[in-house]
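Structure in structure tokens, see below.
Letters A, B, C, D and E name the chains as they come in the text, with residue numbers starting at 1 for each one.
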């Protein structure tokens, strides 16, 4: 047995959170389990920052685990690790609350899965990681055990399991087509002419669910707000990216573009607009996430350079969305006007970045992806910024409406989204050249600036209108509300096929009849005749 | 010495059985020592055999009964796989059963038949000829009956009667099949496939069907499955035995033997009987799951789950493509590990919390965390959640289905996974997220009950985690299929 | 027609008559009597066969004597049974055949 | 050789001693005779296995003048089985038929009748002379009828009466056949008759003998006397009656059809016999299924099992005789007869002990008896396994051999009878097994000692062992049977 | 002429047999049966089988007849004499029996010609130790048959005794006879035994050379005993009478002992070495005759019975 080949760090980055997760189950550590969480993403973060070359293989694990890090993976890995780290720090106030040991354990499991998705080079590791993310995150959603959370959990688990199945089947089709377990080969095989479209469709289904692809997104606005704030942050910031990355990894170039692009756009606009009907700021953010993911899915569908730069876009969105969710938590812990204003200001800044206000990280991300887009889709992207601006302004308004009460260590709490926000706004600058192929000067060109600015500007009047005349406020769940009747209907199956019969009655009848026949046979005058008859019969039969 | 190794392995179960029958109820210590000792010695012998087989040794022992009737014991990789599984699970189940039965009555009878059951299972595994297989197969039927009826109440007796009602006609059919085939070919040994060219294909198809009915009943292929859910009235160790260690496994093992060592894959393909069998298995998978959904008793739900899961094995071997075979063989072990975990836990719930119905599970997760964790692992594994063993089987079966140009298998697998989730997730939900009833009495202060469950759960996880290693069930299955069936 | 033939046919007839008596009689004692008729009919047939070709064959005679003794033994037990059965049940016929009972 | 004489003489001497000696001495004499005959039987089997078939021309007169006896493998195996059953029945009877328990009458009568029965069985198994066989089966019948009547109740007497009628009719038909054979060939010795020039009357002779023996074997539809007779006798007597008595006439049938007149067999006649056997299997099984008294269930099971035996004729006789599968069918039938004998005796002895404890043999009376008497219950269950024909048991080996032959012969219908009959057996034996193993709190009378409880278990174990270690009995069976020595299938 | 005589005889036999079967009344049937037996012994003489004729007369007609008559009497006393309804004529049975007779008749004509009848026997006879070939067959050539036959008698007797009621077990055998003192029966009973005993012993003695032998002689002796008992001259014994029981087994026992002795001496089972064959056969015949006499008498008397319960 060879434990592993190649660099150990990628493997450690996955095993370490699992170990910590196992530790949280130890009775002495249970009360303080949350304290361990910030340690979990550290190796992964180190790996992302330090980079690493070469493939790590652990041939005995699963069906042979192989891990590798390329640029895109590294970017997402870093973002994810950072977000998880910050979220873990933000989760510290949960220490001592009920169920935190379970929460912590699954936190680690989801984290490991989330990292594994970005590291996996073979389909089985990928699938295992994805399943860990997908299913274990259920525990993050239902953690509060409120009626709402449990409902969200139910919806989530049903859809997630369906997604798992679709994924499993799709991956199996892919692996068979490729005659290989390697991710790259599977994508190539699926893209080869004549290969089964069913496989791709199933993969899109599986990943789309996680990535919030309309109309598979219905769980998301329920689940993300239901989780505790740190949970929401990772769900919306990092976990959805697993689905997105799956699409990037497995869906062949150009395949299903005509499907993915419109669906992405529908998500991008529809979700943003529907978000305006939400009162809960977390729900608003969730719709914003759907909207942003819609954009990214459109980019994947568009293919080419746009698709290549999706990780860059995702990086920004992950960090920013994480910051925004955390800010909701911070706002809940603030009652003083100063603190509330500070929160609002930070939220506004991050929101502006997400909306793509010039020179923010968001603007950079959008600029980077726009290069690879056709004109109409670039326009759509710009227009989506209008919707984004609209919903985020609405978010800020809803955020301001929140009433919290002061809690200890507010400064430290505030520092966390602040750090994320700073990273979101500035991080793209550091990577700009590598991902866009342009120098920083491109960003300061008038075209670029105007391109980024006008959608935000357009959004302001309708935003004011929305703030003034509210849209009807609806519970989250859009399509689910429409399909409400669907819930809870049980499957009826006909009664079992069984060999049951009226045994007693049959026995009685048989007893009666057999006694009758035996009663006839026992009469010698009758049976006796059979003797000579039988002799004669046999005589006739013999020669 | 080495020639006698198979016999010694059989004796490790038979001797304790024979002695146990004559022990008094009060001889707890002696009985436990005998049974545990037998299980441990058997494990050691199997390890010895593994080492020897790895070193190229082969074991074959023939005991002539009558001309044409030879009891042939032989060890090949498939036999080793099955015998290792049953031996391991036997040890766990014995530990569990000793604690489970505590000071309940009729223990000598119980453990006697229990060991006899394992003896029969081992015999099935080691059988090198069709007739030896049948002899042990029937012995299994018979030694299981007293176990199902163990509680001796009306329900148990009804279940036991139901069991025989299925088992005996099917074994008769099996005998007819064997005799029919052997009358044309002479005694059939698993070492060299019989020459079937003298039999016309129509007859062969009928014989094949008879074989499948004969062994498929134990594997609970629908519509021959009715006995299995009914038999869940038996004590938990018996359920473990039925569902994981011996009975359904013997059935599935029988299907494998029939397809690969009696008919041979080529012949099966020629006759065109593989696909109908796979379709039947698929139907069983789905139908079993649907029925499981309707059950409100934990063990019944688990029982229908077994109906469904065991057909994975049959599906795999019926498809007969390389990956499918490997998946099917591996699932033989995987299902055993996961299902025994579940039944152990169900037994603990019953024993320590008095819970039999699904409603009763509410909130037990906190009171009985170890048990509930194991239960969850088993359940999730059944659903196919990685990295627990079940998903490996599913992947292989899926790929195998495509290799066999039967893409509908994927639909079956998908539907089955969803259904598995549908009937297991609510249980987990209740365990972990409902509040426990205020007056509930539940604890898990019974290490000998919980220990085996933990061990089995751990094994299920490891089987999935380390699937690619040579010594994993999957590795073994690969070896078997490469060495014996798919040159 | 020779002597032995005549006796053989008589024997055959006796067998038929005896069997008829054995079957048709309800009274158990009559059945025992009929049984004796069959037996002696067979012996006559055998004796006739032994008497073919002039000199009497001693072997059949010995067999017949043995047969007669065996028949007596059986008859004695049968008669005892008839009596015992009649004493216990009050009827000289078997219950299933006794239409008066 | 002297063992052959011993198995014939010892039970006779024992019987004479038990008649002549007063009570206690008679029982001692019986025990001695039983032990000695058992030993002689084993010695005979060992002799046969080691040295071949002993032949004895009694009085030094070779046939056709004298009578020859031969202990071939079939005879030796039957004698050993008989000795085993007899010894077990004798052991059980020491208590059940002790003067205090059963009255002076039964205590006096049982032992001589038992030993006479035994002597008759041994004489029939070894005899090569058709007329000697007649005397043998008459002795057998009279002893058996005495045993049936031993209870003395009206029902038992009626049963004995019925048995008497069938037995006498059967004997006479057999005798008629013998008369025709002698008239045609002037010989009675089986060996001489094998080499005879076939006569036109042989068919009629064979028909007469066969039907007569069928009536004595209680083949359907001549089975009606059997269940009340076997069900009404005391357990040790039932054990002998059911396990052994039908086997004697069956062995004669085997000898007639396979040794003496194999040339006479026709397809139709053979099929007729097997058809009646089939009817017996079905009818016996169905009737057993609906009985409420355990002894009747067991007795009807004998009816069904006898039916199996007759399946051998089309498979090993007539045109099949020269075929490779004939040996399998023949051996299977004999194996079946042997294992049925052991298992059936075990069942009756077990039931007898239960009846003593519970005072009845209705199924309801016996509920839960397994708890009090686990060993006998286990014996009953093991015997059931043999009767159903499940492996590993002698019944299974037999069934396997016969079914294989049937398929090989292309007469798969008989194999289905075998299979279906096994299912029926499972069904009718399941009821008592389930009842005795059910839980019930019923006070039992004082239980028999463990030593006595183990007797049926030994018999049942022997029936099962016949399947596990079937090679040795198989070799024994092939002794002196050149046409069956082949490997078979 | 002789054929006509034979034909008449055969016709009579068949007619009487038919009357036995078809006649009304059991008693009448039994009387017919006795007549039938006597006619049959004449037939045996006609067939040249005097030994058989003797046996038939003594056993077939005589003893069996007495047995039946006694049974009728016993039935009458149990109140079970009422005959069951004769029922419809049993046509199928008649047809089947006619078929059977037809088959046997056909067989007679289909029989092959006898090959050298009795030649082996004739060759062996000089070594048998007796001159009467029938006795030679019975007691030497087929001694095993005869031994078993004597055992059959014993078995029948044990079985018969078992038919007694438990409460009667210790009573005397048979029903007590009530004979009018000085009546015919008594005088007959006084007169007959001495003659009978002589005849019986003579029959046994003569059996070695001429028709007669242990069975015929034993039967006569048994008849003597019966008459004596009927006449109330002797009281029947009880089953526990060990002397009588010893007498029952002495014949077979001597026979068996002789057989075993032969085996033990190396000559073979039941082998009577030629020089002593005659003597041995005579000794066996004496023992056998006494056992047969006792056993047959007991068979006719029946099991122990306490009389007149009503």
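The rule we apply is simple: a residue touches a chain if its C-beta (ideal position, glycine included) is under 8 Å from a C-beta of that chain, and two chains touch if they have at least 3 such contacts.
Owing to the predicted nature of the structure, the values given are computational and were not obtained by experimental measurement.
**Student:** Can you name the chains that touch subunit A as well as subunit C?
**Tutor:** Looking at subunit C and subunit A together, the chains touching each of them are D, E.
**Student:** Listed by label, which chains are in contact with subunit A and with subunit B?
**Tutor:** D
**Student:** By mean C-alpha coordinates, which chain is most distant from subunit B?
**Tutor:** Taking each chain's C-alpha mean as its centre, the farthest from subunit B is E.
**Student:** Taking each chain's centre as the mean of its Cα atoms, which chain lies farthest from subunit A?
**Tutor:** Max centre-to-centre separation from subunit A belongs to E.
**Student:** If you average all the Cα positions, which chain's own average lands nearest?
**Tutor:** Ranked by how close its C-alpha centre lies to the overall one, first comes B.
**Student:** Please report how many Å separate the Cα centroid of subunit C from that of subunit D, as a whole number.
**Tutor:** Taking the average C-alpha coordinate of subunit C and of subunit D, the gap between them is 28 Å.
**Student:** Centroid from C-alpha atoms only, then distance subunit D to subunit E, rounded to Å. What do you get?
**Tutor:** Here the centre of subunit E sits 31 Å away from the centre of subunit D.
**Student:** Compute the distance, rounded to whole Å, between the mean C-alpha positions of subunit A and subunit E.
**Tutor:** About 107 Å separates the centre of subunit A from that of subunit E.
**Student:** Report, in whole Å, the distance between the mean C-alpha point of subunit B and the mean C-alpha point of subunit D.
**Tutor:** Going by mean C-alpha positions, subunit B sits 42 Å from subunit D.
**Student:** Can you pull out the residues of subunit D that are in contact with at least two other chains?
**Tutor:** 131, 135, 138, 142, 145-146, 149, 152, 157, 162, 165, 169, 176, 183, 186, 204
**Student:** What positions in subunit C touch 2 or more of the other chains?
**Tutor:** Residues 15, 19, 22-24, 26, 45, 49, 57, 59-60, 63, 66, 70, 73-74, 77, 81-82, 84, 89, 94, 97 of subunit C touch two or more partner chains.
**Student:** Report the complete set of touching chain pairs.
**Tutor:** The set of touching chain pairs is A-B, A-C, A-D, A-E, B-D, C-D, C-E, D-E.
**Student:** Quick check on the complex: what are the subunit A residues that touch subunit E?
**Tutor:** Contact set of subunit A toward subunit E: 525, 528-529, 532-533, 535-536, 539.
**Student:** In the complex, go through subunit A and note every residue touching subunit B.
**Tutor:** Against subunit B, subunit A makes touches at 1, 25, 59-65, 102, 124, 127-128, 131-132, 135, 142, 145, 150, 157, 161-162, 164-166, 168-169, 171-173, 175-176, 196, 198, 491, 493, 496-499.
**Student:** Quick one: in the complex, what on subunit E touches subunit D?
**Tutor:** It is residues 103-104, 106-108, 110-112, 114-117, 120-121, 124, 140-145, 147-149, 151-152, 154-156, 158-159, 161-166, 169-170, 239-240, 242, 245-246, 248-249, 252-253, 256, 259-260, 262-263, 267-272 of subunit E that touch subunit D.
**Student:** Given the complex with subunit A, which residues does subunit E contribute to the contact?
**Tutor:** 87, 90, 92-93, 96-97, 99-100, 103
**Student:** Could you pull out which subunit B residues touch subunit A in their complex?
**Tutor:** Touch list, subunit B to subunit A: 162, 165-166, 222-223, 226, 290-291, 293-294, 373, 380, 383-387, 391-392, 394-395, 398-399, 401-403, 407, 410-411, 413-415, 417-418, 421, 425, 432-433, 464-470, 472, 474.
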